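Look for subunit A in each of the two complexes below; its partner is subunit B in the first and subunit C in the second.
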Partner chain A sequence: MKLLTHNMLTSKCIRGVSVGYPLIINATEVKVNQTLFNSEFVSKLIPKVDWPVLYNAAESIGHSEDLPKEAPNDFEQNEEFLKKAHRALVEIEVISGNLVCPESGRKFPISNGIPNMLLNEDEF
Partner chain B sequence: MGLPTPLYDLKDFPDVYEPSEDSHLFLDALEADQESILARSPKLACEIGSGSGILITGLAQLLKNSCAYFSTDINFSACRATAKTALINNSYVESVAMDLLGMFRSPFDVILFNPPYVVTESDEIMGRGLDRAYAGGCGGREIIDKFLATLPSMLSENGVCYLLLLKENNVEDIKEKIRGLGLKGRMVLERKIPGEHLFVFKYFR
Partner chain C sequence: MSRPEHIAPPEIFYNEDEAKKYTQNSRIMEIQEQMSERAIELLLLPEGAPSLVLDIGCGSGISGSILEENGHYWVGMDISSAMLDVAVEREVEGDLLLTDMGQGCPFRAGAFDGAISISALQWLCNADKSHHRPVQRLYKFFSTLFACLSRSARAVLQFYPENGAQMELVTSQAMKAGFFGGVVVDYPNSTKAKKFYLVLMTGGSVALPKGLGTEGASDGVDYARRDRAKNLRKPLKSVRSWIQEKKERRRRQMKKVRPDSKYTGRKRCGRF
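Now for the complex of A and B:
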């Protein structure tokens, strides 16, 4: 699970959960896989990303490194920032661990890099 | 530029739907519509019920690294199969086990869905195994209708959804439904194969 994916997941459809975002990450294995950088793609992605959630997610698994706490206003032209954003969004991967609903404490196991977000019928 | 059928290897995943004529029709529809997809310059794409993963991998081969690719399936083996198919084809798909798109908070620019469209008894929609890849319940519509109800909230402003349908799903009735949801629809391809008349439709705002 890349942190871009974490940025997009919520547990709000669990009965009794109102926001369910962001999910807490408990990682037991994290990998960093280099991928081809595409500055245009990353800059178009930034407006779709909840940046503080991304920063906190990276920090919570020990990979905030030199990621800024806020996205700069000039992010479209800021190649250095876009490279850091690329790394945080699509290079850091949680291979195993759990995602945890911040309200209900429901755990969603991550194995083989795949979060299992399946709910039982009595949960929604 | 043609869209080759992505390679796949399901030997470790016996409970995952093997690509068939419906899958190939879907790939042909994506290929036929590639210019229109590229013109939307999508950034987030997701396939629902990805199974082997050849559709989202095919899309990834079309759009390359200008877009991020996701997939969902209720069968965890299928999630693994999709991730593997992407890798075999030098692509990358973020696979997540979930029902439809229910655990995503934000909309997608491209949604692909080859749904369980076969007309079956409602009680055949049970469990998370291979049967779920085709069992569509009453009119083959039970999963399709559940999906369509969520589509307006999961499709981005400039987004497009590709959906495969069977004639018996009552395509005319689905057209009405799409209008009722405030979306536009167009048929991309249709094909008659032994026993099935299949369509790929696209929906957008």
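Now for the complex of A and C:
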């Protein structure tokens, strides 16, 4: 799971959970994969991304590195910032661990890099 | 023709054997690729700009690979872990989630610029478990899909409706969830090539495009595109050669790729 996906993912499909966001990450294995940097894509994403959630997610798995706590206003021209955002959004991957619903405490296991979001019949 | 969704629930039907078969059969791959290409064409994403696309029932990532070739990023959801494991093995660039579309799309509002689904939606029309209510599952799916799309985004879902009633059921639940749109039928006069695309719009009603192979459709361009796309891709020989070819392509495009090793394309043993 990339942190971009985490930034979009909720547990609101659980009955009784209203927001279900952001999910807490308990990572047991994290990998960093170098991928092609596409400044156009990253800068298109920035307005959509919940930046504090991204920052906290990266920090919680020990990868905040030199990520700024806030996205700068001039992000479109700020190549250095966009590169850091790229790294945080699509290069860091949680391979195994758990996601935890912030409201219900329900755990979603991650294995082989894939979060298991399937709910039991009595949960939705 | 037997319908797989009558044989077993999807997470059982798409087991390891089926997942492997699926991605080694060049005929299947070619058909899935063509339909993916057509679905992306119908999505009308902003020209030339990379978008974030949701792939529903992404399976082993065949449709996702076509999104990649078109320069888009994707997140895939599927109910079969065997299919998703094959996608990981193929080193797709998309991110994967094990989910049941009938339980809803678990994303926050406006997350995606568009959504595609290739050959998966008909599975939702079945009641695979005693507690399954197809109408409710379809509605849950469409309403949460509507919510996670950005305004003006579209969703294009190619599917195999069993009959007119099923097509009506699916379309009516999508409209109830707030979508505009309808079904585009390509090659309606050919039993083999006939394909159904449910084209859903969030931002008001726009006339649906004509199906390919129907009167008045501008299929000259479309045919050309399809032929070009076909020439670009060779049938899959093995997971390893598939990955190597893809890496080669990316190297030619001066993109960063991981170096080949004796592990490239090898089955990963067990879980991590």
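Rule of thumb we're sticking to: the second predicted complex is superposed on the first by the 124 of 124 C-alpha atoms of A that agree within 3 Å, B and C clash if a C-alpha of one lies under 4 Å from a C-alpha of the other, contacts with A are read in each partner's own complex, and residues count from 1 in each chain.
Basically, contacts are C-beta pairs under 8 Å (C-beta built on N, C-alpha and C of every residue); 3 or more make two chains touch, one makes a residue touch a chain.
These numbers were taken from a predicted model, which means no experiment stands behind them.
Colleague: Looking at subunit A, does subunit B or subunit C touch a larger number of its residues?
Modeller: C
Colleague: Between subunit B (first) and subunit C (second), which, if any, makes contact with A:Ile61: first, second, both or neither?
Modeller: Touch status of A:Ile61: no partner.
Colleague: Between subunit B (first) and subunit C (second), which, if any, makes contact with A:Ile95: first, second, both or neither?
Modeller: second
Colleague: A:Glu29 contacts which: subunit B (first), subunit C (second), both, neither?
Modeller: second
Colleague: Go through the superposed model and pick first if A:Met1 touches only subunit B, second if only subunit C, both, or neither.
Modeller: both
Colleague: With both complexes overlaid on chain A, does A:Thr10 touch subunit B (first), subunit C (second), both or neither?
Modeller: In the superposed model, A:Thr10 contacts both subunit B and subunit C.
Colleague: State which residues of subunit A lie in both footprints, the one left by subunit B and the one left by subunit C.
Modeller: Subunit A residues touching both partners: 1-2, 4-5, 8-13, 21, 35-36, 38, 40-41, 44-45, 48, 90, 112-119.
Colleague: Taking the complex as given, what residues does subunit A use to touch subunit C?
Modeller: Counting only subunit A, the residues touching subunit C are 1-2, 4-5, 8-13, 20-21, 29, 33-36, 38, 40-41, 44-45, 48, 50, 90, 95-96, 111-119, 121, 124.
Colleague: Would you pull the subunit A residues touching subunit B in the complex into a rising list?
Modeller: Going by the criterion above, the answer is residues 1-2, 4-5, 8-13, 21, 35-36, 38, 40-41, 44-45, 48, 90, 112-119.
Colleague: Report the residues of subunit C in contact with subunit A in the complex, numbered from low to high.
Modeller: The contact residues of subunit C facing subunit A are 49-52, 73, 75, 79, 81, 84-85, 88, 93, 95-100, 103-104, 106-108, 110-112, 129, 131, 144, 148, 150, 250, 255-256, 258, 268, 271-272.
Colleague: Please name which positions on subunit B make contact with subunit A in the complex.
Modeller: Those residues of subunit B that touch subunit A are 41, 43-44, 65-68, 70, 74, 76, 79-80, 83, 92, 94-99, 102-106, 128.
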